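Structures given as structure tokens follow.
Consider the two complexes below, in which subunit A is the common component and subunit B and subunit C are the respective partners.
Moving on, here comes the complex of A and B:
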């Protein structure tokens, strides 16, 4: 194989796929990036068998062929090449690649491309498409709530459900739930609902690849064991987490005896200030709700006390409830709306927050019981 | 027909001998116990070739008359109990009436005895329990029993004995236990004509320990004296620095009887937790006295295990007794400590050479950790006593302010107007450095003797060097700060918070674990756990204490139940689980080795340490400080004749 590519394109492609390179070093071939030259483009692939990323970059391919080169060296070298273009020539007999620019020549030893695992492809295009920034926001609004506790592996992922022309994304760590829903603009005919659990890492890699605009779209296809995200030049395939994701929304109360309407920003800032004092103690704050006022209090014996009043309109019964300010802030940041509806059904049951004017986002958090 | 026969007595004795007389050490034990039961005030033990050739026990006890001397060799002939009910209130060490006939059946035995009331003594001799010969003999008051050629007629047993050297070791062990059980009796152990060890028999356990283990350990002991109703715990516990890698130096006596069963050791070890590293075991000499009717010693022929009808109470008593003694340890001036320099003969090169003392060793395993274990080391775990107290009362706060100018300012400012001294900065803010009462809810000084330390600077940016009443002190800054945080977290996070769980944790418990769990359910609920029962042995945890956290909860439960199964009481098992979390948090929060600190910060850290309840070890049990005494310094510089 022999090709010439622009340094910028090649470097972009390599760095895009490098995130999927295995760091475990159990299979040496997985520490490499598969490069396939074909027509006027290069196809770069990396995988650690959990996720795989594929990226297409343009290049002048003089001789078609393929090779696997170690990601660590290749990515770093290409990134630092001072020239505008780089020529790569591969010796297929001993799997070495020679990189040439100006008067420099680097030789890198690689692996046989036949050893590289075959990256599965979507068997058929499901036709589910979302603007890239929408999916990106959905991930930002939910992925923070995935569990990092390996004892319950299923919770280390987020549940994505494609149903009724909507895409639902939900994450929980057993103490809070973040849920976001959005309509699929291009819902295919005769669709069937599917539900899958995406590993937390897939979400963060995917979010990194997604553009922040709504012109580019991402196509989502699913098989029983994999999910495919087609971003155009870049494709990501992820293994799914196996197991039954708990139906946590069923555990959320349907009726609420106390509700607050207030500014999310103000509540967030108050929580942030209070946690400065609370974090060295129990870490909890107390929200006092009565028709007159809403207060935030906290006390840490050797540090001091917190008292804040927050402007809010209160409906329903007075209530005192213990909350973890960190969990509150996470939800408030994900809310994407300043007017917040915060509802409670007692100080031992989950409380729910959502934007006052929308139903597409929901954050449920369990209280801390003070006794 | 006729296949079942009653065994003749000789055979019965041989069988009993198999249980009671395992090796020379058991002969020594049985004979000495008899001597003690006979009211001896002096017991001499002599052996040859590890006791295989000869064991001789001489006492000055009551002795026996002719009839008793003959009877004592018959099985179940004993002077110690008369009827079955006596078994439940045993005051003597022996009682089964098995020992002497058993020993006699496997050796050449000679008894020479005379009670004070008779002019002539009696000599009884047998060979393998046969051919009993009785005759008059002249001898002092008391009894002398000589056992020769043990197991001469049971070659199989003889074959399985170890070398004379190792049998000697076993005899020494037994001797140590017996001698410790009766400090009022003078013991002497001789082997091959030379004295191996002896105790003065003056009634002082401390002197007995000193003569058996050396004065260094004896000086490091703390007295335990605790009483609650009929239960009394007395004796000595060694400071954590004397901890060993195994339990062989734990001596526990119940009503004067040495107990080997380990379940009573747990409460003692639990009292030491956080003061010892894992894998190190405290050294102690404790005696528990309970109502004899509460103890069943007739569990095992060699009586190494006992049963209590009130086991939990006895364990709780031990725990509290030791805990209270430990809490007082560093506060109580240990008078003997200051007397003279440690009696060690170290060449100057091997000891306090700056290149070998601490540098280069990671603070978390070598350095400070290694030194106190070395029995002869001049570096001793800090035990500041009287000297510190006088220094403090004499110098008082002046002692603090005469330090660096900055420190002096801090002292004055702190007392006068806390927070109003911009030059002091951080140190004052951190802990109201010199004004204990200046803040509401502020810490109280638990260890005022530590305030006498004047920091001079840092070594390797890891150890604080301080001038103190007794010489030079080195403080491991990380370990010290860890201790400070650990106690602070313990205070702050006792707050009662429960985190309910959206998705309950399922715990599947085996029936045995289930029973343990049910017994401790209240303690767990009291700590903030919430449970719901499902049928079929499954237990749902619906809420966990906020300190434990959800993800750590399943592991927490396993460990908790394991500790319960291991004999811990539920309260201790729970505390231990919580403390692991705290110790970890403290380790993360604390300043690390190689963090540079200003003089004011050093002073602040020492102050915080003085406010800690257990300032002398970090939560993992490593020492926070070591000292080099004035005497030691003088010896190193050859200012005094060593």
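Moving on, here comes the complex of A and C:
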């Protein structure tokens, strides 16, 4: 194989796929990136068998072929190449690549492409498409709530449901639930629904790849064991988490006896200040709600006390509830709306927050009680 | 030397409630379960005690004895805070403090004069918390506690050797440390009602009934108590382990032992009114290599089944060394949740 590519394109492609390179030393070949030259483009692939990322970059391919090169060396070297273009020539007899630019020449030893695992492809295009920034926001608004507790592996992922022309994304670590729903602008005809659990890491890698604009779309296809995300010149395939994701929304109260309407930003900032003092104690703040005022108080014996009043309109019963301010801040940041509806049904049950004017986002958080 | 102090807050929970709510002051207040529930009284204010209401009594009965009593649900977080405040005040007088509960502690103030310090302590507590304490001062823990009990509420009582000799003989045996209902019954059956009766009976007749405790009780009856004030070492972990007589390697045997330990630790946790968040399994092999593995639960527990499940899970993930036999297996719990501690609730997933 022999090709010439722009340093910028090649470096972009390599860094895009490098996140899927295995960090474990189980299979040496998985520490490499598969490069396939074909027509006027290069196809770069990396996988750790959990996720795989494939990226297409343009190049002038003089001789078709393929090779696997160690990701660590290749990515770093290409990134530092001072020239605009780089020529790569592969000797297929000993799996060695020579990189040339200006008067420099680097030789890198690689692996046989034959041993590289075959990256599965979607058997059929399900036709589910979303603007990339929409999926990116959905992930930002939910993925922070996935669990990091390996004793319940299923909760280390987020549940994605494609149903009734909507895409639903939900994550919980047992203490809070973040849920976001969006309409699929292009959804296939007929009755079709699928529910899958995407590993937390897939979400963060995917979010990194998604563009922040709504011109580019991402196609989503699913098989019983894998999910495929097609971003145009980049594709990501992920293994799914196995098992039944619990029906968590069932555990959220349906009626609320106290509700607050207030500025998400103000509540966020007050929580942030309070957490500066509260973090050295139990970390809890007390939200005091009565018709006259909403207060945030906290006390850490060695440090001091917090008292803040927050402007809010209050409906329903007075209430005092203990909450972790960091969990509140997470939800408030994900809300994407300044007017917040915050509802409670007592101080020992989950409370719910959502934008005042929308139903597409929901954040549920459990209180701190005195044992 | 009179340098042991016992400090006991007066009707602590009720007093905190009365302090914080002027409407409750001067009125019979009962902190505890609702009178229409199966709950019990945790603390009654002195106004309620006049009607015969006392702690551990069913709330329903308290309502019958004192229909005008105001029932208040306990606010443990607040009591905990006040208790810490009081402990800080005590810390200004001595670093040898042995707390017995939220509202009671011993202080060893030697070589200072206990009477002087006791008075200053009472005053500091009153000034800084608005609450009253009863303080007993003596030369050992038993007599200091007896003293604080003697003159409640808001009392300061000193028992020196002369006062002890005067007071002790007429004391009901019930007042001696460690004499509960059962021991009291035993002693009554021998015709022993007072400390004087006890001393007259002598060790030889007591031993068959009380066993090894007879000598200890007679010492107390003479006002002798050698137990030092033991500063609090908060329990950080509790565990159970056994070295096998015969080396064990079979997994089902190990699981059986862990099941037993889970029951034992659960009972100990309940006794201490604690829950644990971290569970550790320990194995030692016949080559003396020790292997431990821990996990932290989402929810603190005192449930034997949850402890067992955690132990089983840990054992499964431990890669038990099949080459060697297991000589020792242990189960340990730590990272405790105590009453009054804040606890993050979680979904039953």
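Everything that follows uses one rule, which is that the second predicted complex is superposed on the first by the 369 of 371 C-alpha atoms of A that agree within 3 Å, B and C clash if a C-alpha of one lies under 4 Å from a C-alpha of the other, contacts with A are read in each partner's own complex, and residues count from 1 in each chain.
As a convention for this text, a residue touches a chain if its C-beta (ideal position, glycine included) is under 8 Å from a C-beta of that chain, and two chains touch if they have at least 3 such contacts.
Just so we're clear, the structure is a prediction, and the values are computed from it rather than from any experiment.
Asker: Clash or fit: subunit B against subunit C, after overlaying the two structures on subunit A?
Answerer: Partners clash after overlay.
Asker: Can A:183 be said to touch subunit B (first), subunit C (second), both, or neither?
Answerer: After superposition on chain A, A:183 lies in contact with neither partner.
Asker: Check whether A:369 is in contact with subunit B, with subunit C, with both or with neither, and answer first, second, both or neither.
Answerer: In the superposition, A:369 touches subunit B and subunit C alike.
Asker: Identify the partner contact of A:251: answer first if only subunit B is touched, second if only subunit C is, both if each is, neither if none is.
Answerer: Both partners.
Asker: Return first, second, both or neither, reflecting whether A:8 touches subunit B, subunit C, both chains, or no partner chain.
Answerer: After superposing on A, A:8 lies clear of both subunit B and subunit C.
Asker: Tell me the contact category for A:84 with respect to subunit B and subunit C: first, second, both or neither.
Answerer: A:84: touches no partner chain.
Asker: May I ask you to decide whether A:300 touches subunit B, subunit C, both, or neither, giving the answer as first, second, both or neither?
Answerer: Only subunit B; A:300 stays clear of subunit C.
Asker: Can you check which stretch of subunit C gets into subunit B in the overlay, out of 62-70, 188-196 or 296-304?
Answerer: 296-304
Asker: Is there a shared patch on subunit A that both subunit B and subunit C touch, and which residues make it up?
Answerer: Shared contact residues on subunit A (touching subunit B in one complex, subunit C in the other): 149, 151-152, 155, 172, 174-175, 177, 246, 248, 251, 282-284, 301, 322, 324, 348, 350, 366-371.
Asker: Which bits of subunit C are touching subunit A when the two form their complex?
Answerer: 75-77, 80-81, 84-85, 88, 275, 295, 298, 300, 313, 337-349
Asker: Using the touch definition from the top, list the residues of subunit A that touch subunit C in their complex.
Answerer: Within the complex, subunit A contacts subunit C at residues 149, 151-152, 155, 172, 174-175, 177, 246, 248, 251, 282-284, 299, 301, 322, 324, 348, 350, 366-371.
Asker: What residues of subunit A sit close enough to touch subunit B in their complex?
Answerer: 147-149, 151-152, 155, 172-177, 246, 248, 251, 280-284, 300-302, 322, 324, 348, 350, 364, 366-371
Asker: Enumerate the contact residues on subunit B facing subunit A in the complex.
Answerer: By the definition above, subunit B touches subunit A via 441-443, 488, 491-493, 495-503, 528, 543, 546, 550-551, 554.
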